[in-house]
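Structure in structure tokens, see below.
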């Protein structure tokens, strides 16, 4: 009979606190930038802060999964929708939504975003121009850290 | 051959903005109170704002699913963990975590919470004293609206 | 004070049984066909049966979210991976996986599939040739029902 | 400037095939037994095969999250629901469902189950008698392997 020496200990993971001050802003589109707070390589969930300069419009995009956005600072809208999201508001995006974000008002916009899956930037004929997901955000974070000589935090750890 | 008259139209839902000012604070434990922003009766996901008075300690609880907390105001901790969460921080709680929240510092605490499943309040011997989920939060919201003569918003709509 | 007349009753949904015999096989790629068992327009989850003729190879595809496959009949593999999946086996696909399915052996393949998000068919240069999600599967189901004079079941109901 | 030596490589995980023949049946309630195919300590998702002897009734239980069941062999029902699930059928259970499973007919029942969160066995007054989740299933698997001298597979690996 085989003797089993090492049975992996079974212990639920603890809650952990992520302080965005420990993470750099990473250049994104134009003057927009993001911080990657957490990336889950199993489910594809990625959690970010996004900084969008006042009045900037981002490219139209499509989400295969759900997105939850908490507006931290500034006001923004989707060109396709009637509402404006203000600080303290939450935007819930069911799977398969498409839209074009625009910062409105004089203040730069900061949002806290929980995205399940990819963010597909789409052209005028629906073609996919670019896509971001947990993996590309993580690569951008690591590339930025390498270029700047910053020791990256393992944001895939739970 | 049967003629099919009504085929349900297939259109992805639009993103919608939830403004917490449109929702009442609902009494919870002691002087703590919550706002229910969204409840998903299929997945059990519930999204809330929680207000906890300065220095208040909430009962220990267990989460069968994941929890994501964004700290909006004030500072708080779990008695079981080494960190203090401050405004702008995010706490990620893997499934199966147990802990006892405590507001620290002089300011009342407000958190934005995304909970998958229930929140089970547990006693000293691990017994479940009470549980909250999308359904009980929704009932508390509806009961409060009925008592106060407020027309509730359908927070289960996507 | 406003009197509130109708507060939506709060009752958890019951489990429901889906019998695939009640659903038609819908033509897909070549002689492959599928049955749509459930589609969730909020999360994007879609649950299908897929029938692939013996020895058929499907186009390479990418999944932004997770996929769980239970092999009901026949054997199949991904060209990119070392295993062959046999009846009773389960394949777990973390988010962001890419691969090319191939039926192996003399038997037609039937799989039970739970997909979170889209299924993006990709070309040789990584370009997206076509994509399926809860919405396109539902449209194909409804279009097929309309063409065949079948009354569709509401597979988006929970 | 700090030199960054090791940036974790960013590569999406591959799909993997789990063959239940590689996993033991683990005693559960009475003569019921289970195989643990996959357990996700971050999301709490657990994937199992359950074997229930003909005519056996399992205790009533509650699920805080969703459950998807594919019936592999035999017929079964919930005492609370009007349907009987047969081989090839799928049962979808929205979050917060409660029910009492019963094997019907002369054949032992085998189901393939995807559970998000816990499975809480509840008494006549709604009290929780016992609970299972990814962690307790994993512990039972490891304990059984230790007792039987079997080398456990790491079912938490993706």
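Note that the chains take the letters A, B, C and D in the order they are written out, and that residue 1 is the start of every chain.
We adopt the following convention: a contact is a pair of C-beta atoms (placed from the backbone, for glycine too) under 8 Å apart; a residue touches a chain by one contact, two chains touch by 3 or more.
These are the chains along with the protein names UniProt gives them: A, B, C, D = Cupin domain protein.
Remember, it's a predicted structure, so these values are computed and weren't measured experimentally.
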Between B-C and C-D, the pair joined by more C-beta contacts: C-D
Of all chains present, which has the mean Cα position farthest from that of chain B? C
Chain C and chain D: spacing of chain centres that average the CA atoms, whole Å: 21
In whole angstrom, what separates the CA-based centres of chain A and chain C? 27
Taking each chain's centre as the mean of its CA atoms, how far is chain B from chain C in angstrom? 32
Send over the residues of chain B in touch with two or more other chains. 12-13, 40-43, 94-96, 135, 158
In the complex, chain D residues that touch chain C: 12-21, 37-38, 47, 67-68, 70, 72, 78, 80-81, 83-86, 88-99, 112, 114, 158
Residues of chain A defined as touching chain D within the complex: 1-4, 7-8, 10-13, 40-43, 135, 138-139, 142, 145-146, 149-152, 154, 156, 158
Chain B-facing residues of chain D, complex: 40-45, 64-66, 94-96, 116-118, 127-128, 133-135
